[in-house]
Amino acid sequence: MRVATYASHSALQILKGAKDEGLETVAFGNPRVKPLYTRYFPVADYFIGGTYPEEELLEFDAVVIPTGSFVAHLGIELVEKMRVPYYGNKEVLKWESDRNLERKWLERAKLHLPRVYEDPDDIEGPVIVKPFGAGGGKGYFLAKSPGDFWKKAERLGIRDKEDLGRVQIQEYVLGVPVYPHYFYSKLNRELELMSIDRRYESNADAIGRIPAKEQLDLEINTNYTVVGNIPLVLRESLLIDIIEAGERTVKAAEELMGGLWGPFCLEGVFTEELDFVVFEISARIVAGTNPFVHGSPYSWLRYDEPVSTGRRIAMELMQGLEEDRLDEILT
Amino acid sequence: MRVATYASHSALQILKGAKDEGLETVAFGNPRVKPLYTRYFPVADYFIGGTYPEEELLEFDAVVIPTGSFVAHLGIELVEKMRVPYYGNKEVLKWESDRNLERKWLERAKLHLPRVYEDPDDIEGPVIVKPFGAGGGKGYFLAKSPGDFWKKAERLGIRDKEDLGRVQIQEYVLGVPVYPHYFYSKLNRELELMSIDRRYESNADAIGRIPAKEQLDLEINTNYTVVGNIPLVLRESLLIDIIEAGERTVKAAEELMGGLWGPFCLEGVFTEELDFVVFEISARIVAGTNPFVHGSPYSWLRYDEPVSTGRRIAMELMQGLEEDRLDEILT
Amino acid sequence: MRVATYASHSALQILKGAKDEGLETVAFGNPRVKPLYTRYFPVADYFIGGTYPEEELLEFDAVVIPTGSFVAHLGIELVEKMRVPYYGNKEVLKWESDRNLERKWLERAKLHLPRVYEDPDDIEGPVIVKPFGAGGGKGYFLAKSPGDFWKKAERLGIRDKEDLGRVQIQEYVLGVPVYPHYFYSKLNRELELMSIDRRYESNADAIGRIPAKEQLDLEINTNYTVVGNIPLVLRESLLIDIIEAGERTVKAAEELMGGLWGPFCLEGVFTEELDFVVFEISARIVAGTNPFVHGSPYSWLRYDEPVSTGRRIAMELMQGLEEDRLDEILT
């Protein structure tokens, strides 16, 4: 067994974690990035060009660890048909990518969700508008009324209600972004809190450095393109809420789609009343785990050795191999 | 001897640090959080329900490590009467909780303090208003004039000067928040700089991500509820100022209240002129040390092994035990 | 051979790194800070008072590791004449300190640069104005038009075009600050990405916490005085761009000035279009490496042991010593 992943997103960490567990590693993707994974950071034992070189991966006896980049580049339909073993439950893909199914899942998990507007003419408070399939938050915008929505949506080519299928309109909940990273071990039936980050977004995290007066002069619009990640710890009294939210999410997934295992992330904000309001779920490893290559404050508490989410995945694969239970976690 | 603490705030780090030093650990508090300390993060050897289960703690031969949550839940009067040994100087409690005594202490230490207004009608520049006993900065607000103060104070039920005892009105000093974490070893008579953080506050750290124009539309008020902590290092040329401020704070405490030992934190901002203006002292471990479970840039410099503030406390207890000097540090 | 540096900036890390490699260390500088380097953080085996105690350093068989503080305090002319061996290429100093030469260098490296205005009356969009030789960003200001420029420049005593030599006027590019830290090993002819940070600036990182309405009332001006640094990781798909930018910068330096080796930093922002726009180069260790005393996410990927930039320098010196090639890297 070799550990393979698409050369982007969190591949450095995934491949490093696999090597730490004694596994050989394969990166595949754009040949331009080969030096990143083999020379600058020598974490890939092999590099293969191509978005998904199926035959080579089969020959390598590879297990693919999915990331957001992999799923985005290959597309859900092709992922579902993959012949190379895949770590995780592929059933999750359609629940996560369909806004209605995703909401059904998160509501079943009793998470606090922002109101979603089907009709922009119902908008009665601040909203954030998210184009579907937008990578890295590009194109998100704020609006405060129906008129404001239509004016700004026009920039995305949305001119009438028939175009609304391309965006989601959510209540804008004022709070600080917090992204807890979970790992659910299907083999041990245990949830773990691996780490927490906040994203670093352009230009959303730049505009606050400009005085209000000058912002008004410059007529600045907000954008939420993810540029990086900043490590964070959460107020300790909030951890149990976050963990219970994760447990309910796993339980709901077992009821609805045959389970959710491996890494996942609830993406939300904490309001000033200390409510955790969840906007989205990422049902696989998120790039927010990247600050923690050498472990996080939370993984050090549990493991007392450097365990990244990438390494935790490899630990699970090794356990599956040793207990002859890989079939339970690969699909 | 076992190390015990209230199950919240920075207990994970305190208990982990004690175990690293070979001590057995006890967490006590709300039974709901028991899994956090025993299963998700197995740092407590024992968990006891209750805010302060005195008899059980005595039977366990426990030493209590106080945190802000413990003192807030139990109340200063009860803490002062505790029969279970307490790490630190209980005399500090009243100096820290009385705004006049606290100011006397910090002035004796020659720290730069913001002006405090006794009478809101004297306000002649921006102020920040802090309700006493507000957990996590909830209810803080800014005001820029007497009229502005009275208007906003009404939301807290403050309508005339008789209600002013419930709030502190401080000059608002514009600067970036910096929280240096100190440890004073009474056994070695040495001050140490353990780590530095900044808080992550809702909604104060959220509003800057909203363009000024939309902020004005939405009529946003600020709140300073602590949600988490972000690790920080300080410009190296400022470290000696910070350390000397800590030394003077310990010296003033020796003159005024029989000493300050163990962890403490000076909470302030650095202005653009690089003045460190101090708002408050926390005379015990602060949650800002939580990012540093596996050591901070500063503790790695000194110890060359992973020393959190929690572990540093346990090291002091072990030294007291070995040198038969526990009576010098427990009260 | 002993490793020496000026006692400020990133000296703690440099000296700690040297000790980790088994070298003796010397700090020199203001006697007031001696305890910082010998007692609070015992990283200097010797401390010598003075900005550049040449005779003592020669006697100690010292190699000086330059930092921004050292160069600023001693002055470029004196650095160029130093008799104590200096790690790095002194030819770089004049290219870095002359705005025209610096630009020529960065343009040769095909980096994205902001437009520079020679004449403020040409300003046709937001600009940032930087006084030369301003430590820590003090005195920087934003302007949006020629009139706005002249009004604000007057505060710095700039009243007509003859005074313009004292400032640089750059296009203000809206994006989040990102500072990648590189190390170029001249001995191995290899570029390494060591770590990434963002600066923590007063008051630029404070004003966003004040609601727009109150900012307008308070008439706040921005300042960019560096107070500290916050660790960061970059979106993984951007790493190859950053690394290639570093490679081109080294190559251009080889063509123009005989090379650039050791640590350096490209200081820029990422825009919402994910362009990395570079404002300046620091051709030596930057203080942004200070969060990574125990290694960064990137150096852990490469080395699998705690390698700070300071330690990486010491590793290079040790290799030079062992291979009898110190003359290639000292000037």
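Going in written order, the chains are labelled A, B and C, and every chain counts its residues from 1.
Here is the rule we use: a residue touches a chain if its C-beta (ideal position, glycine included) is under 8 Å from a C-beta of that chain, and two chains touch if they have at least 3 such contacts.
Bear in mind that the values here come from a model prediction, so they are computed numbers and not experimental data.
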Rotating chain B so that its CA atoms sit on those of chain C: what angle is that, to a multiple of 5 degrees? 120
For the two copies chain B and chain A, is the contact made of the same residues on each side, with over half of the numbers shared, or of different residues? different
Any idea how many Å lie between the Cα centroids of chain A and chain B? 33
Among the residues of chain A, which are close enough to touch at least two other chains? 201, 205, 207-209, 212-213, 215, 220, 230-231
Over in the complex, which chain B residues touch chain A? Could you list them? 8-13, 16, 32-33, 35-36, 40-43, 69, 136, 138, 200-203, 205-215, 217-218, 220, 223, 225-231, 287, 290-294, 306
Any idea which chain A residues touch chain B in the complex? 126, 142, 144, 174-178, 191-193, 196, 198, 201, 204-205, 207-209, 212-213, 215-216, 219-222, 230-240, 243, 269-274, 295, 297-298, 300-302
